[in-house]
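These are the structures, in structure tokens.
Both of the next two complexes hold subunit A, though its partner changes from subunit B to subunit C.
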Partner chain A sequence: MSALSQLTQKPWIWAWLGAVSMWMIITGISGISAGGQVLSAAASFGTFFVIVATGQMFVITLGPGNVDLSIPACMTLSATLAMKFMNGDASLLVPGLLISLTVGLAIGTLNFLLILLLRIPPIIATLSASFLYQSTAIWSNRGLRVKPPEILGDFAVAKVLGLPVLTIVVLVLTLAMAFMLHRTPFGLSVSAIGQNIRAAKLAGIKVEKTRYLTYLMCSVLAAVCGFVLAGFSGGAALNMGEQYLLMSIAVVVIGGTSVAGGYANLTGLWGASLFMFLLVSMLNTVGLSAGFRLIVTGAIIVGVVAISGRKSSV
Partner chain B sequence: MKLTTLGKLCCTVATVALVTGSGAFADTSGKKIALSNNYAGNSWRQAMLTSWEKVTGEAVTAGVVASADAFTTAENQVTEQAAQIQNLILQGYDAIVINAASPEGLNGAVKEACDAGVVVVSFDGIVTEPCAYRIAVDFHAMGKVQVEYLAGRFPDGGNLLEIRGLAGVFVDDEISGGIHEGVSANDKFNIQGSVHGDWAQDVSQKAVAGILPSLPDIAAVVTQGGDGYGAAQAFKAAGRDTPIIVMGNRHDELTWWKEQKDANGYETMSVSIAPGVSTLAFWVAQQVLDGAEVPQDLSVPFLSITQDTLEESLKTTQAGGVANVEYSLDDSKAVIFGN
Partner chain C sequence: MSRLLTPAMMRTLLPGLSLAALLAAIFYLQPRTMSYFGLNLLLNLAVPIALATIAQMFILCVNDLDLSLGAFISLTACITATWLNDAPLIGILALAACVAAYAALGALIHLRNLPSIVVTLGMSFVWTGIAVLVLPTPGGSAPGWIRTLMTLKPALVPFPIIAAVVIALTVHFGLMRSAAGVVLRGAGGNPKSVERAGWSMLRVKCTMFALAGFFGVLSGMALVGLTTSADANIALRYTLLSIAGGILGGGEFVGGRVSPIGAVIGAITLALAGSFLSFLRLNPDFQIGAQGVILILVLALRLLINSRGTRA
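Here is the complex of A and B:
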């Protein structure tokens, strides 16, 4: 009994319960073999949510006002420049990836410089800077869709025992991130800053350095996600990041990470990513409209924020 | 000396007359035309702007009009575009060509422009204000023609999967309405599932992969453009037979179709709007300024690619772009005065 009540106290449990119940509805309607296939698809597409949401989660954990709205533009710019450079040539894969990483590093640095030097709130700094990134992407290739090298496409869709290779790689990444969050000075600093920035400063934590590294990591992950997504879907497109703005925040919040900062949750990130994919699939399977889907998504986010807000005020 | 000047003049006149065709010549050479565009964030819009630059650039060089500048708003907001149109009126443009963020939202600004004597031509995203000219696309027919094609391919009907566009946008409702009308006219077809692909390959791929396990055998996929390649990838990943997927004129879709055709004789059709419709709007504005009688409402045909025209279309489509038709003055006159 107490084990059960302990379990319901876990912030990540609701996302996983949501994912499991969505999966059960789909399986109930379409049968067990369909359930297996949809799970494989959920793992495949949910992985992309997890990559960007991991970065967003660290940023949000820094505390109130910290959010990165430049993720979609960062994905688009990274993928556009890398695909254009490689032009489908597999031998240029490594330099292409380096270009993508450089874009991530540059964007993270620029975001943080705007926040630190010009004292612009992160929400405005990252949103306005994203116009710059998006315009650069438009200017560099005018929306032409360049095919990725075949090997990148093959890697992005490869499966081992029904499980996408990419999912396995990102699972390993998640474990590394969990270690970083809970066992390294950097991860503990992020949480400490989010819990009480004054106390963190007095305790000798280098606040600005930690914030810089966090924004940097978020942009690099977004850039890598754009790179792999372009490989997965057959090329970079100007609107490829559009879905990932709301999704990166929704997945973090639904996954049980505190919106007010200070408490991150990686387990919930996976549950929430699967949940968001399965929710859309379930509503599509049942035949409900997109309008209804948006209402449900909005209601869930508001509900989760309201509940988690109440908990922190107690 | 005098003679050479006269000669030059004659020569210029001849050139202009050649470009503007018959009728009044060079009446518009001092006129300024502006393009007010609400969005540039996808490949179709980029192609639309590129076509505008190319065709109007040639027209300006030839002296048909004085200038033809393109302006795009950053935020795809009605208020922003309304303010932009007001600025264009103040800057003294003689005509404003609009791809509108909303059919009704800009009517106030459009009325102001008309009252100030500015010619307003809307296309693609049209405005309802009566004083403006409208170049509309029959999106409804674009949906219906897909089902009619499939009715020819499958006389006994079959299961369909519908990929829709961006929820809440007028174009999505129109195309989907046409598809559903086509299905009720050919009641052997069943729409087994419907997903939103937002006119983007990656979004379509994701949505189709999510619903596919729950669907029975699918004979064909009806689409809205920019989603066919993603659908094909999702079917492949699920290990299913590839259905007849209606394509949307994108280069990657046509390339995929060509590969399938060469490998196993795959047959389908492709339909979308040519981004070069912006150049038709330009010539309509020019013709109105020239004093021609132009009907207030024009309709522009959509661009279909068939099994026979695939290779040719693929050759003329820019790699990574979308199949396009740019309008010359004569093409435009055929559209304007032909119907």
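Here is the complex of A and C:
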């Protein structure tokens, strides 16, 4: 009994329970083989959620007001510039990835400079700047879908023992992030700033440097996600990042990370990513119309936030 | 002279001056806009944007941010173009329910102490979902009386200008000059002291969100009056426009410092910025980016004014 109650105290448990129950509903309706397929799909699509949400999680953990709204624009710009440069040529894969990383570094730096110099809330800074990034992407893309090099497409959908390679890579990334969050001075500084920024300052933590690195990391992860997603979905499209704005925030919050900052949770991030994907699949399986699907998705996000809200605001 | 140019004064004048500069540039580039007809065309779409900006301003005033406003206005536009036109009573009830839903959101955010960004992002799905159910394919038609109102051609002064002035002054006197307005704004400045003074923060939040919902409904109705039909995504860009307009107009993000007149001016400035850029023959690809640049410039300018204020 005490073990059970201890388990229900974990912030990440609800996301995983939700994911499992969604999967059970789908399997119950369409049979076990369909259940296996949807699980494999969830592992692929969920991975992209995890990549961007990891960056967003670090940002949100910095404390109230810290949210990066430029993630979709960053993904689009990075994918567009990299795909255009490579133009389907596999030998240019490494420079292409470097371009994507450079875009991430540049956007993270610009975001933080705006926050620091204009002394405006990160929400507004990243929102205003994302107009710029999106505009640059539109200008360079011209509505075309540039095909990714074949090798990138192959990598994005490759599987080992039935498990997508990408999922394994991101699992390793998550482990590295967990180490960074709980064991390195940087990760501990992020949590400390989110818990009490004044105490963190007095304790000698370099607040601005930590915040800069956090925004930098978020943008770089978004840029890399855009790069791989373009390979996965057959090219860079201008609206490719659209759903990742809400998803990145929803996954973080549903995964048990405190919205008020200071407490991050990587285990929940995976559960919530799978949950969000399986939820949409479940609603498709049940055969709800597009309108009802949207309503239920929104209602569940608001509901989860409302239920977990009070705990995290303490 | 120096007394006139205090930082506070400059901050108040900044939105008006930006608008004047923009208008002057447009008149210079395209003198034909300097007529009754030209102004009418230029400013027509500014009316729903101004109403949306006022709605966002009420939310900003209590230190929240509404990221679902565009989806909500799309929904009210869909209801206006369908139910309000076919069965006015049901339409009015549905729109009233929309306002009530906003008040309930305010209560939820206050009672559970939730971050408004996350809640409103989630709600944007719900609004779009309902809008898709109300109007699955673009269409519908505007109720005659709204159409008539929005295409009024009064003598001398174009309708959009009259509408903007009426909106700005109504909200200005309601929020900035009335006793109730002081309490509402005080709730953004110092919620604890408002609560200790015996006011219910719950009621304040509900009122502000209901007002935002009400102006969102007006914005949707005005939009349909101009476009004569609606679709579920018609006003999605209003979310960003309304935030940008509120900030251009001198609103701050915390502390209940807002300005209704400034917000309307900010909304008109943004609406005109699009025309200005096309008169400049600027590549349309850069239109969104230019809005971002304008926003950043205004914020930088304001910082400059504020820092002069602290030094003085």
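The rule we apply is simple: the second predicted complex is superposed on the first by the 311 of 314 C-alpha atoms of A that agree within 3 Å, B and C clash if a C-alpha of one lies under 4 Å from a C-alpha of the other, contacts with A are read in each partner's own complex, and residues count from 1 in each chain.
By definition in this document, a residue touches a chain if its C-beta (ideal position, glycine included) is under 8 Å from a C-beta of that chain, and two chains touch if they have at least 3 such contacts.
Just so it is clear, the model here is predicted, and its values are computed rather than measured.
Participant: Have a look at subunit B and subunit C on subunit A after the superposition and call it: clash or fit.
Facilitator: Because the two structures are overlaid on the shared chain, the partners are seen to clash.
Participant: Which partner does A:L294 contact after superposing on A: first (subunit B), second (subunit C), both, neither?
Facilitator: In the superposed model, A:L294 contacts both subunit B and subunit C.
Participant: Could you tell me if A:G35 is touching subunit B, subunit C, both of them or neither one (first, second, both, neither)?
Facilitator: first
Participant: Of the partners subunit B and subunit C, which touch A:S281 in the superposed model: first, second, both, neither?
Facilitator: The answer is first: A:S281 touches subunit B but not subunit C.
Participant: Regarding the shared-chain residue A:G204, is it in contact with subunit B (first), subunit C (second), both, or neither?
Facilitator: Neither: A:G204 stays clear of subunit B and subunit C.
Participant: Which of the two partners, first being subunit B and second being subunit C, lies in contact with A:S233: first, second, both, or neither?
Facilitator: first
Participant: When the two structures are overlaid on chain A, which partner does A:T136 contact: first (subunit B), second (subunit C), both, or neither?
Facilitator: second
Participant: In the overlay, one of 132-140, 168-176, 186-194 or 258-266 from subunit C clashes with subunit B and the rest don't. Which one?
Facilitator: Looking at 132-140, 168-176, 186-194 or 258-266, the stretch of subunit C that collides with subunit B is 132-140.
Participant: Which residues form the common part of the subunit A surface touched by subunit B and by subunit C?
Facilitator: 131, 134, 138, 142, 289-291, 294
Participant: Touching subunit C in the complex: which residues of subunit A?
Facilitator: It is residues 64, 67, 114, 117-121, 123-124, 127-132, 134-136, 138-139, 142, 245-246, 249-250, 253, 259-260, 289-299, 301-302, 305-306, 309-310, 313 of subunit A that touch subunit C.
Participant: Which residues of subunit A touch subunit B in the complex?
Facilitator: 26, 29-30, 33-38, 41-42, 44-45, 131, 134, 138, 141-147, 157, 229, 232-235, 237-240, 242-243, 277-278, 280-281, 284-285, 287, 289-291, 294
Participant: Can you name the residues of subunit B that touch subunit A in the complex?
Facilitator: Spelled out, the residues of subunit B in touch with subunit A are 40-47, 50, 74, 164, 167-168, 193-196, 198, 200-203, 205-207, 209-214, 229-230, 233, 237-238, 250-252, 318-321.
Participant: Report the residues of subunit C in contact with subunit A in the complex, numbered from low to high.
Facilitator: Those in contact with subunit A are residues 65, 108, 112-115, 117-119, 121-133, 136, 240, 243-244, 247, 253-254, 283, 285-293, 295-296, 299-300, 303.
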